[in-house]
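Each chain gets a letter, A, B and C, in the order it is written, and its residues are counted from 1.
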Amino acid sequence: MAMVMLGIMLALLLAGFPMMMPLLAATVAAFLFYLPDLSLQLVVQQMIGGVKPAALIAVPMFILAADIITRGHSADRLVDVVMRFMGHIRGGLAVSVTAACALFGAVCGSTQATVVAVGGAMRPRMLKAGYNDSFSIALIINAADLAYLIPPSIGMIIYGVISGTSISELFIAGIGPGLLIIALFSIYCIWYAKKHNIPVEPKASWGERLSSVRRAVWPLGFPAIVVGGIYGGIFSPTEAAAICVLYALILETLVFRSIKLREIFDIALSTGAVTSVVFILIAAGAAFSWVLSYAQIPQQLIAAIGLEGAGPIMTLVALNIAFFVGCMFVDSIVVILILVPIFAPLVQAAGLDPVLVGVLITLQVAIGAATPPFGCNIFTAVAVFRRPFMDVIRGVPPFLIILFAATVLIVAFPPIALFLRDLAFR
Amino acid sequence: EEWKFAIEEIPGSIMDSYAQEFKQRIEAKTNGDVTVKIYPLGTLGTPTELVEQVADGVVQFANVSVGNLGTIVPESQIFLLTYTLPSDSDSVSKLLGSSPVIYDQLGQDFENKGLKLHRLYSEGPQVWTTNRDIRSPADFDNFKMRVMVSPILLQAYEDLGASPTPLAFGEVYGALQLKQVDGQVNPVSAIEEMKFYEVTDYMIWAGEQELVTSVLSGTDWYETLSPARQQLVSDTTAELQDYIHGIVDRFNAEKLEKIKAARPEIKMVQLSDAERAAFRERSQATHAAYVDIVGDRGQSLLDALLAEVEAL
Amino acid sequence: MTTHQTIAQGATMRPSRSIAGRLFTLLDAVIGKAEMYVLGWGIIIMALNTIANVFGRYLFSQSIYFTEELNEFLIVIITFMGLGYVTRKGRHIRMSALYDVLPARARKLLMILIAAVTAVAMLALAWYAFEYVAKIARRGRVTPALQFPLYLTYIWVVLGFLVTGIQYLLTVFRNLDLADTDVYISYSTVDAYEDPEISEVMHLYNQDHPAEDDTGQASANNDNNTR
């Protein structure tokens, strides 16, 4: 059954069907051939249920806010500040994008929202600076993944609950690996800029820097709302996004007068379209993963591998591969819900630290969001940047290699994750 | 023959213990003719979706808490009223085990929605975990209490003096940590499993409620069973009533010890009878809201249940 | 310069000239208008609703008890009614690796197949969505906070699938005219990725970097150029 579903999926995928079809067709095939007693009403139930989680509302809200500030002046002024400070360093812009994605993603917790909000503002500037588009998009969608690793992280919360692991410890253990990946991405960015001879801007004087900051005083309210509002406990991420929309409207229509009120409908329409493009895939993915769960396919596949009595390293390798492959096709939360209980006895038998396991799982889940064929970050980038799917994924491989390297490093040197945890809790 | 049993909690939880024991006994009694497969939290959807699936016979059994039944069987929200059930767990268990009001009258309301109500059981007293001490309704001033999205619960906590804030279960930990809400309410077992004690300072027993859960099948599927099989299910769920009461007591005691060990500085507060009385008095207003939502049917159910409680 | 123009042309709509074609164009336009309103206002109301809840909580110490429920309803309507709109605009995400290397005629035939199969799937889902919604209506389900009939919040899913199915049928119809060499990704949209703002940037970029065509943008634009 798994093979038939995979076959149908790949065939439709390669033929160029709209992406919801491979997922839906595989699901429907499973119903018709293997679960003939069940009504396809369930597909509809799960599709509707898939888009309803409250946390997902942050995505359209951040898309709307980003749409307003990139059409107006705010985004430009914010990026100007970055350029004045980092533009003279080779690769400086790309490193800034990495850091901005990591910070924004960490705070708001949504990788898709990060792709839109940071990517929407920074990508045009990267193109102007001479970066290749595939590189720029791949950097954005991969750096956005750090949303999962740096607290607060919904993936870690769910892992913590399912496995009975302290969520506070998980949160702290995610910081080291997050910083490691930021560092690795930055090194790659600088190397890339050197290799492709991306021109640098003349170094800005302190006067120019100060004036750019002054021009950006109002727009600097956005990071303040997101970081201060969420970490300060004033807003949920969704609410912070909505407040950003309000702030963006006030700035762009009243202060900068760059957008007329009647343009708002067009911006909302475009936000709605992007939301629909991405959310229909989340919906189809929910139906797809329901069938997998119901038929207990992951359990069967893992039992077939036969991992009983494996040592700690073998268990970790298998675990990383299982979560990575799972997240290529299925929504990350569902993967955690299904796979963690299956692996729990193996992890315990191998004597592994559940916090280390949680960090590794979260990392794989993060990687999965930017790994073809099915990844929310990819879908979001295609929808928002209006580039063909193939262009969006073309630049991904180097980042995947870096993320794998990070995985290997953490497996080989667990203190990368556990040092801060031990410092705080032991 | 395979029966699928879906639960809204994680592996290792009280509901999981229930389902595992049910599986063991059914498989033993049928010599393996019937096998039971258990689907834990989230693998088949939200609790509401599970109830739809059990009504449609997609899964044969489901164990969901009554807080998640409000939109399907509104009458069941009677168990969300505060200070309505007895305040000691043994009496609650006795009531839930044998009440004619529940199994004859309320059971009919389930039947009307295509649901066969096998059993109700309690997961133990609800406990408030909060970031400040709550002793009286006045202490609830400007206090954002997370509750399930249920009009009755919202009303109930407003009546007790708090600002109830509905929030999805998965987001409660983050909201407590970031102080978006000041407290939440759940039994000890859930507080330990969800790690809420990591992000709150007080655990308060106010005796206002227990967490009641329901074991359900779809009537359509249940009626296809032979009388012998129906008897098997009804006998087994009846046996499990005492079994699960023991498990709940043990779980809550063990998990309370775990919490004390993991976070010794958390303050545990038992409200005195006098303190409870102040809340109890305010809870009377919520009854009207229940009757508003459920209608005359609600009034007669409520009167009958209160009479039963009185007679215990 | 040519690159830029080609992309810009891809974005323009092509009216059909036959009588049936005009009728379909009208139908297409009416449905499109309705979808636009639902999408745009859905997003605006969602923002207002969320903002109001924040203000309610801090200014009046009173959360709006139905904020989350209204947002749930809006996201369902945006996703599924939007489905028709993005289909019209040819905005669905596709992995077109194989499709892109085919000759124009084969591409057109493949598009007919894709649109036909997708139309059948969407219409089937519309039917099962209808059954599902009818069942919910029969059972008298209400929403938790507002106690509003649940089926009224889901009925849009049926409509969304139905409209999308029709849209794909129209696409089949449009592509059946094999004399027209353009491949239509929806009834009114020629297959091309477009974004005027970005293509402007790309144009500048290509002028500055004439030699660069190793990966990404430059070759992607050449791709578009051949259509």
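In this section, a contact is a pair of C-beta atoms (placed from the backbone, for glycine too) under 8 Å apart; a residue touches a chain by one contact, two chains touch by 3 or more.
Nothing here was measured: the structure is a model prediction, and the numbers come from that model.
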Based on which chains are in contact, what kind of graph results: line, ring, star, complete or other? complete
Hey, which pair has more contacts between C-betas, A-C or B-C? A-C
Using mean Cα positions as chain centres, tell me which chain lies farthest from chain B. C
Averaging each chain's Cα atoms, the one nearest the global Cα mean turns out to be A
Could you put a whole-Å number on the gap between the CA centroids of chain A and chain B? 35
So what's the Cα centroid distance for chain A and chain C, whole Å? 23
With chain centres taken as the means of their Cα atoms, state the distance from chain B to chain C in Å. 42
Residue ranges of chain C touching at least 2 other chains are 68
Interface hub residues of chain A, defined as touching at least two other chains: 39, 41, 45, 54, 234-235
Each of the following residues of chain B touches two or more other chains, namely 168
Using the touch definition up top, name the residues of chain C that touch chain B in the complex. 57, 61-63, 65, 68-69, 139-145, 147, 150
Chain C residues touching chain A in their complex are 36, 39-44, 46-47, 50-51, 53-54, 58, 68, 71-72, 75-76, 78-83, 85-87, 89, 91-100, 110, 113-114, 117-118, 121, 124-125, 128-129, 131-132, 135, 154, 157, 193-195, 197-198, 201-202, 204-205, 208-209, 212, 214-217, 220
Over in the complex, which chain A residues touch chain B? Could you list them? 38-39, 41-42, 45-46, 49, 53-55, 152, 154, 157-158, 160-162, 164, 166-168, 230-236, 290, 293-294, 296, 333-334, 337-338, 341, 344
Partner chain C, residues of chain B touching it in the complex: 55, 70-72, 74, 113-114, 142, 144, 149-151, 154, 163-166, 168, 293
Can you tell me which positions in chain B touch chain A when the two form their complex? 4, 10-12, 37, 39-46, 49, 52-53, 56, 58, 167-168, 170-171, 173-175, 177-180, 193-195, 198-199, 262
